[in-house]
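Order of writing sets the chain letters: A, B, C, D, E and F. Residues in each chain are counted from 1.
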Amino acid sequence: MRPSGRAAEALRPISIETGIAKHAEGSCLIRMGNTEVLCAASVEGRVPPFMRNQGLGWVTAEYGMLPRATHTRGDREAARGKQSGRTQEIQRLIGRSLRAVTDRKAMGEMTITLDCDVINADAGTRCAAITGAWVALRLAFQHCVNNNIMKAIPLTDHVAAISCGIVNGDAILDLDYAEDSAAGADANFVLTGAGNLVEVQATAEGAPFSEAQFLAMLDLARDGVAALVAKQKEAVGL
Amino acid sequence: MRPSGRAAEALRPISIETGIAKHAEGSCLIRMGNTEVLCAASVEGRVPPFMRNQGLGWVTAEYGMLPRATHTRGDREAARGKQSGRTQEIQRLIGRSLRAVTDRKAMGEMTITLDCDVINADAGTRCAAITGAWVALRLAFQHCVNNNIMKAIPLTDHVAAISCGIVNGDAILDLDYAEDSAAGADANFVLTGAGNLVEVQATAEGAPFSEAQFLAMLDLARDGVAALVAKQKEAVGL
Amino acid sequence: MRPSGRAAEALRPISIETGIAKHAEGSCLIRMGNTEVLCAASVEGRVPPFMRNQGLGWVTAEYGMLPRATHTRGDREAARGKQSGRTQEIQRLIGRSLRAVTDRKAMGEMTITLDCDVINADAGTRCAAITGAWVALRLAFQHCVNNNIMKAIPLTDHVAAISCGIVNGDAILDLDYAEDSAAGADANFVLTGAGNLVEVQATAEGAPFSEAQFLAMLDLARDGVAALVAKQKEAVGL
Amino acid sequence: MRPSGRAAEALRPISIETGIAKHAEGSCLIRMGNTEVLCAASVEGRVPPFMRNQGLGWVTAEYGMLPRATHTRGDREAARGKQSGRTQEIQRLIGRSLRAVTDRKAMGEMTITLDCDVINADAGTRCAAITGAWVALRLAFQHCVNNNIMKAIPLTDHVAAISCGIVNGDAILDLDYAEDSAAGADANFVLTGAGNLVEVQATAEGAPFSEAQFLAMLDLARDGVAALVAKQKEAVGL
Amino acid sequence: MRPSGRAAEALRPISIETGIAKHAEGSCLIRMGNTEVLCAASVEGRVPPFMRNQGLGWVTAEYGMLPRATHTRGDREAARGKQSGRTQEIQRLIGRSLRAVTDRKAMGEMTITLDCDVINADAGTRCAAITGAWVALRLAFQHCVNNNIMKAIPLTDHVAAISCGIVNGDAILDLDYAEDSAAGADANFVLTGAGNLVEVQATAEGAPFSEAQFLAMLDLARDGVAALVAKQKEAVGL
Amino acid sequence: MRPSGRAAEALRPISIETGIAKHAEGSCLIRMGNTEVLCAASVEGRVPPFMRNQGLGWVTAEYGMLPRATHTRGDREAARGKQSGRTQEIQRLIGRSLRAVTDRKAMGEMTITLDCDVINADAGTRCAAITGAWVALRLAFQHCVNNNIMKAIPLTDHVAAISCGIVNGDAILDLDYAEDSAAGADANFVLTGAGNLVEVQATAEGAPFSEAQFLAMLDLARDGVAALVAKQKEAVGL
């Protein structure tokens, strides 16, 4: 029995509420159990300097955590004057994941920035951010189509992410904070709607793990992402 | 007729929802029309170095705005590596306002930090932050009393804030963004439940204003704050 | 009797010496008692990027304090690597105050930067900075007229500032450091030569203050600013 | 045929030269083809504040690249005033990888910092850094044993890392820069001497990749790391 | 004939006015022609961490330039967020020069910080700063003796500095800005009252210079410093 | 007898190995005893903004030290977020020294950046950097000539540098770390192949030094630089 009492393959309750950021071209609040992330997509009619004149669009992300999203208050990164290595690692991951399912040629020389801000944290914030950011991105693309800025939504597939871990030797899905703290290994899987891999990140927190354990996590992740993709479809009305 | 169609003395619809930040000792989401600010209070059992060994508590605030809280996306301050002058000005104001109604001696050598994060901005964010922060602060003090950390809630009064402006020569209350952009003068009044002044900030955006106009704004503010104090009482169950 | 022995409505001895910064287009050293601020105006033939192509000029200010302007040495902000919130608040105030009496359309797309550096501090430095900066600004505009860069001096009025406070329940004018430390409330009033309000900032340092006390301070400020305006006229030869 | 002409499973020529940093307690220069990384271990008799009084040691890493290690000169991070997200991601990875094979309890409250500086870059620098850092770390532990600071070398196993990629649909091992630029997926595998997994990072640069492709890369990595471990043994005289 | 019309060995008019920084334990405004530097000494009853428990005092300096001390306005270093390389180079030079004539053992574990702020710049600011800082330092030591903090003034000699240059092939003393811009070599000599060398810095701005030219500058500097030392004596009443 | 046992005028063993930085247009590893500095020259086809449209080239330098180049590990400047005053002083010195022998007009509007990174430090790193940087610069110019980017190598002479010091009252050449720590005065001389002076920096670490001692150091330096120039010729095949 895992610490949360859930079955090894059970996700936490998930909801995706759209339209939360009133000015954004697309936005949602995604909840995975007690983890809540606000994802907002902003459309801009040009690309950053390093991307100019290539005929390609750019999709990027920024990630933040409200100081009291966590059990004990964390420093405000704006006050400290820099983003932590963890923050930068996560926002680079979100950006890469979304670009993997975007047809940047069809998009044209525009930028969409996804702001993923954690309101409440109970582990799995980067996975929730990726899953919610896809919804915000699709809504923003829909906005562009509705306003004749684009002809069609330049997305080739869904992308969503879920965490897995090894607790007491067994693979489990969608860890909460208590489980994450107890896990000997921690993995994040980013997959497409078609079930292909976009990103795999697995880390031994304590002892190294075996290939069999790794494959057990990958199996759980595949089903978890399929359920997340269904929630994304609902949220955007597909 | 003012731009929003409201009467000169009319506040926008106000709501205060508590318990939003699940880990915080006190929190609320305050809405004033389309302005939404999440206020979270964090209790810490010590004071910052410059306050040590004086037998006094410390109440301080930090303020932030999600990048897409506004019409066009703003830079993330954590990414830019510094807080703007405006941000610092506002968070200093929130801290001073709350300290003015706190009995810091009764509080003991503890710190409460109020994080005020703007989710959606439609003008008046600093006033909403002060009004909401008082609620979060009181809930946190209640938590301390409930847990035998303090004997009684060390607050001497309510404190709340409201903006006023001069539009087309007339004083109006609680400006939204469109009104704020059109205003010739912009003022923020921070008052106590007893009607005393804690802070006054009035600025001519265009032409200087007369003393009569200033006093008309002060009159509006007094009634506006009284209505906000009533909302605070409701929110904390007084 | 107030701590300094002055009457409630008495200013400290004031002097304004021009031409101190030898390279600046306009400059003065303003002394209010032991407070001394060097104000230097620099003219530049373009506006910052956010102001371009609007046909308007820009007037802005920077404020600094020499590390040993105060009783105990303060950190040098350049060495610490950032300006404090207080510094930014003050320099924004100075800039706003001067822009309120500048005809930015008549000025054309030029920038004037006012550097206000505190040589010695005995309270009231931001008020002295505003009052002195107006003198430096007018001298710089005169320089522009003399050199056929402008047709006429684009100032619509004087602007000057004075502090007030509540000490032992009574309103007093132009506080020195000892009085400022003892004051229950602290206010800065920025007024024009015509007696209109440009900026009001009042803060309860201890207990909140009453409206009557606030109005008593405003009364003192009106007379104080009138005296400062007379000194400005003398300094620029009007 | 892969771009470099090597067989899919062929490593580049590898050498590990020890004693390069003359003052360091352990050091080596690791070469993998044209990639050269200098790894230096520094021993300090205390742990950082967040680790104190837990009876555990700390192993951490810093990573840097000389500005002209690359085809075109990169900015010097010290001059820019901050480390890039990529740099932070890599140094966190190196630290985690080494901690996974360190018995931190046996080590006692000491810190070893691994500085991994890239002299020449031809892809695979993070993998070379991990593999070389293990050598520097073991030499530093040997130094501690020789000087009676530790009783035995507190390492539980080897750790080494290798990159893989998918080029033209096929998995290949140990990519050079030309191959890395052409790869559709890029993965780094960190494994122990016993063949367990410490860290897996796989990223789709272009199209998402299949599970079969992923497993083909994992197979190549297992053999590659075994060869690297043999080189490590040689370098430290095992 | 040199650009300024002065004889090769002629100093500019020099004055040293003490007591300018009202709160400082020692201060002066030194003028060398149109160059004006305010030097203020601050006494602190402890040494920085790296100097603790060695029984030695510490003398250090900070240097700054008001933004409009120069022909065209320079950036304010506090606003840019860092001190330039030039600023750091100069303040390190001032500190070293003063420590060379201070008996740090006799001084005890105290720190004196010299703030040298350039009010007006017409070349030679670092030399004026050193010469003025000695006066401020001696006044501060006198203050310590008068207040029984020290038994005797722990200075072993005077220290003063002067610039020299090669203009049109000839060595000249105490260059102003126009001469400095035209000079092929630029040197600063820091000497003691006894005529010994504390610091020599000579730089070819254009073509390298000969040893004979260098020695001609050194000859001029010796006499120049002797004259400065006489001014220092006057200023402190020796 | 000096601490190292060398004769007063004896240099340490010197070697200059070229081609170390594989991507750089010119590079070398210079060794002076145990001091090792990697110098890499990067050619860029434009000048920095402040140099544009003057028809002149630009030669500049950056200096760094690997954290464990020294006896005890130093902070990584990139991690601390700024370069020390010492680092900036040294890189400015290297750039000035090389510009003194470069015909910047013949060079055209191009930039060459010299990266000087200390691999191992045993005193004299800035002198080794200058001497090695000349070699890297010449190789880079040769590369430009070979690739028809320049018609001839735009160097007017060699430039090299050597340290001297006063130990036990006597002048000695090319100090190692132990000698440098014991020296009462420390000087760096930068000279051309023709024996002219480019830069002189002499500092009293303890007691001020006499003119005779200074001249004794200058005599040693002249011979030392001549030997370094011979090594440079060998390294570049002259």
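Assume a residue touches a chain if its C-beta (ideal position, glycine included) is under 8 Å from a C-beta of that chain, and two chains touch if they have at least 3 such contacts.
Molecules present, by chain and UniProt name: A, B, C, D, E, F = Ribonuclease PH.
Given the structure is predicted, the values throughout are model-derived calculations rather than measurements.
**Q** Farthest chain from subunit F (Ribonuclease PH), comparing Cα centres?
**A** B
**Q** Suppose a student superposes the Cα atoms of subunit C (Ribonuclease PH) on subunit D (Ribonuclease PH); what rotation angle should they report, nearest 5 degrees?
**A** 180
**Q** With residue numbers as the basis of comparison, which of the pairs C-E, A-D or B-C duplicates the interface of D-F in over half of its contact pairs?
**A** C-E
**Q** Rounded to the nearest whole Å, what is the centre-to-centre distance of subunit B (Ribonuclease PH) and subunit F (Ribonuclease PH), using the mean of the C-alpha atoms as each centre?
**A** About 59 Å, centre to centre.
**Q** Roughly how far is subunit A (Ribonuclease PH) from subunit C (Ribonuclease PH), centre to centre by C-alpha average, rounded to an integer in Å?
**A** About 50 Å separates the centre of subunit A (Ribonuclease PH) from that of subunit C (Ribonuclease PH).
**Q** Cα centroid separation between subunit E (Ribonuclease PH) and subunit F (Ribonuclease PH), in whole Å?
**A** Once rounded, the distance between the two centres reads 28 Å.
**Q** Check each residue of subunit E (Ribonuclease PH) and list the ones that touch at least two other chains.
**A** 81-82
**Q** If every chain is a node and each touching pair gets an edge, what shape is that graph: line, ring, star, complete or other?
**A** Topology of the interface graph: a ring, with each chain touching two neighbours.
**Q** If you start at subunit A (Ribonuclease PH) and step next to subunit D (Ribonuclease PH), which chains follow, in turn, all the way round the ring?
**A** Following the touches around from subunit A (Ribonuclease PH) to subunit D (Ribonuclease PH) and onward: A, D, F, E, C, B.
**Q** Flag every residue of subunit F (Ribonuclease PH) that touches subunit D (Ribonuclease PH) in the complex, lowest number first.
**A** For this pair, the touching residues of subunit F (Ribonuclease PH) are 20-24, 27, 34, 38, 40, 42, 44, 62, 64, 66-73, 76-79, 81-83, 87, 113, 115, 117, 119-120.
**Q** Where on subunit B (Ribonuclease PH) is subunit C (Ribonuclease PH) touching in the complex?
**A** Its residues touching subunit C (Ribonuclease PH) are 82, 85-86, 88-89, 91-92, 96, 100-101, 157, 187, 191-192, 194, 196-204, 207-211, 214, 218.
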